[in-house]
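These are the structures, in structure tokens.
Two complexes follow with chain A in common, the first pairing it with chain B and the second with chain C.
Our next item is the complex of A and B:
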């Protein structure tokens, strides 16, 4: 089990807070929509800190402006992948930004085994580090 | 002989007769001058010596920061001297100074410089002109460089920030909230092994970054290699136990450029995402490191060590907003720029002005925030301001309100001084931040409801409760020495 104070993966904006309720998720979606950002849902069973590309649960919802409809998509993703990490993201296309503006986790596996740290010792006490997700030992789709 | 209305002597033979003539008459004052789009403009706060005409003092500053010397030289006539002369073109009495006040008269003097006076891509060259000689000049009693307008054509000759806010966030995988950091304390005396302990605890507890302090380089109690090795062990351990990207600003400041590069290369070989330098290494060294950082995919943190010696006094020195502009051009990714609520100097409006300069694609004139010029940034990347010095979790609502989202909030004492330990201190800060961002996004009046939001978050977080109780009454309410000088009804400059 992960031993940091939360006992879980701390990526995203709200991992140190209790799990978000549907109402709280809706409020965050409204914030994104109010700024004209496109909301997107992504999922993975490989939450390595350098795994940038989680799978997309459909394209970013550029044209969907209804928070309730977006929340339905979130819940659809949770139903489809109940034991995966799922994050809600918002993309800001403004010139000079053109990058994610939000990212928070809305679903997690019940058991989060965390990561091992491998050390390869080199010259002059230099160490090369690697992170290894215990869950990723199993094949894709069977990890949690 | 004053026959063009500007005070300049236009008859060439008369103008270049050997001897000493006033700067105004030499051609460094032209009230009718309209700055070109490609001119560099400098705004000085000028206190003339008693009896010196402010226009003459401004002309003297223009002269000494461009082509002039104390006497007439015939060799000017071998050059396109008219072009190379900087032109003082406007002098305004600073509001609330001069007759009827208890402060001697000060003037805002506007001086325009042709682009050809400067070498491309060199802060050293720019500053050698603008602040090179004039600050010790006898004709002015005191002089302060308040602001500059840098033309787009000139900005395009600078690399700008190696990484910038957007790419930094993408690399760190951290969006939609301020970044959290802490400076390891005590800043001197810890062994490498003990030092790394603080790094590990703080990062595991929830911070994104920890930081070397400005004066931790390679002293007898801890040589730099040890600090780097133990700190990176701590960073990687914390990354493994959180699943989150973490970093430690390894200070590569050293006595020679060769040593700086050696340390930076070692930091790179250890997989660090960020290195740090101090402002005191100098403008050229900073630009060299900005280039190195761009070439090596490294974030470059700048600690503004030493700036208080020349930025703090209102009548003499350089305003920090000018340093902010130079550092954005020089190419750093992070710079300490004030906290508003913490222990270090900073009038709220002025600090917000610094943040605007560092983060906005375009600054409009905003006299309240001390921004005198319209300044497009020509797509130079944005610098992440760092708020550090006497801030704690109980101020989170104010910090988010005043400083916004693109900022590193650095809680040194506010993490390491926590009664339950470093890890708990870090957790308190992270929980406070996440709760405040959530409340803000929910549309709540988080500035006024801040204490309540924090109290509620503390119900499920004992470390936050302890932090709030420990520091609940800590504020630093001193009058700022540097405040904006403007009368709200005056119109903007240029």
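Our next item is the complex of A and C:
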């Protein structure tokens, strides 16, 4: 039985929905800016869910006021890394919170092979489960 | 089709007054009239722009095409004629008319746009443009961007990026260039692309003496000062004399003159120790405070000397 027939990566917000349009992305960024969160763009080609630190694209955008500027940067990132995962993050720097408040994928590779489940026999009848992305078998930069 | 009945037809009437009130333009224009003395051509142009944007808004309501008009501007005029002040207002006006989304003003000069080594300029300019998006980018003394005598100057690169964004993303930001008239004319001559992308070339006229006196009164009122009647007469003479001096910078010279008058007033009050001062004493600038200016004695004003 295939549980996720499309093989789409489901991390962050809106990942079960169809890809967001540019207007929808703008609206989300506008929401983040209205809360005073710092927006940044990150990319990776290793979709493993434990890979939490993606590479940052460009500079962090602390002092921007309008979503158009950030969308411009998103499009720049898409042009540079057309076959990478790209996400937009919003960081809430309120003292005591200091964590990402939003994170959603804005670009994904055309072909997402998905993940394979591996089992390892441990002591007794213990079984350790692990999974890895089929794409990650290839070296970095050639994965998609 | 069912949606034809929802669409307003040519018979539909639109209440222009309602849209007008809603946008609170009158409020902005009134404030413009009250707080900016003179500058008739500038105010006329702002009124025209406001009208155009309002009509476009109405057209859009009736599903008529209303292409976003280009709103890039160039402000030319002598020093101290209020270019920066009007640019600040412009951001507010365009925001109220719904032309720009955030209505903030980012004021920059050449230093903020042009980098120091190869490959530094483009990211620097783009950073500034991103910061200004949704608002107004005000480039003061824009002619410094282009230095024809040095062909390896990076200013041209900055202009190229500016032009590209001014053309492709005119919904996202408005660029206002400002500078002295003659130099800006030369700048536009050597950058015809820039000139043609700017829809509004607004020239700021010099102030005449009565306007300058009015400006002075407004400036004093802002900081809770006032002139005595006698002082006003003297100040009017001062203005006429000062205008003939070199380095006259319109309202800026007036501000400096007032600052010096306040200095003398403070000194005069300080020297009159021994008697009780009233609130009116602290507020009033007397004729004497202007008379002591060197412009009346040997015809040289302090400001003309210190190269202001």
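Rule of thumb we're sticking to: the second predicted complex is superposed on the first by the 137 of 144 C-alpha atoms of A that agree within 3 Å, B and C clash if a C-alpha of one lies under 4 Å from a C-alpha of the other, contacts with A are read in each partner's own complex, and residues count from 1 in each chain.
Just so it is clear, contacts are C-beta pairs under 8 Å (C-beta built on N, C-alpha and C of every residue); 3 or more make two chains touch, one makes a residue touch a chain.
Values in this document were obtained by computation on a predicted structure and should not be read as measured data.
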Chain C versus chain B on the shared chain A, clash or fit after superposition: fit
First (chain B), second (chain C), both or neither touched by A:16: first
First (chain B), second (chain C), both or neither touched by A:127: first
Chain B versus chain C as contact partner of A:56, first or second or both or neither: neither
Angle at chain A between chain B and chain C, C-alpha centres, nearest 10 degrees: 100
Chain B versus chain C as contact partner of A:73, first or second or both or neither: second
Comparing the two partners chain B and chain C, which touches a greater set of residues in chain A: B
Closest Cα approach, chain C to chain B, once both complexes are overlaid on chain A (Å): 15
On chain A, positions contacted by chain B and by chain C: none
Complex contacts: residues of chain A adjacent to chain C: 59, 61, 63-70, 72-73
Complex contact set, residues of chain C against chain A: 101-102, 104, 127, 129-131, 133-135, 169, 171-173
Of all residues in chain B, those that touch chain A in their complex: 166, 169-170, 173, 175-177, 204-206, 225, 229, 232-233, 236-237, 239-245, 269-271, 361, 379, 382, 423-424, 427, 430-431, 434-435, 437-438, 441-443, 457, 460-461, 463
Chain B contact footprint on chain A (complex, rising order): 2-6, 9-11, 13-18, 24, 27-28, 30-31, 47-50, 52, 89-90, 95-104, 114-117, 124-129, 131
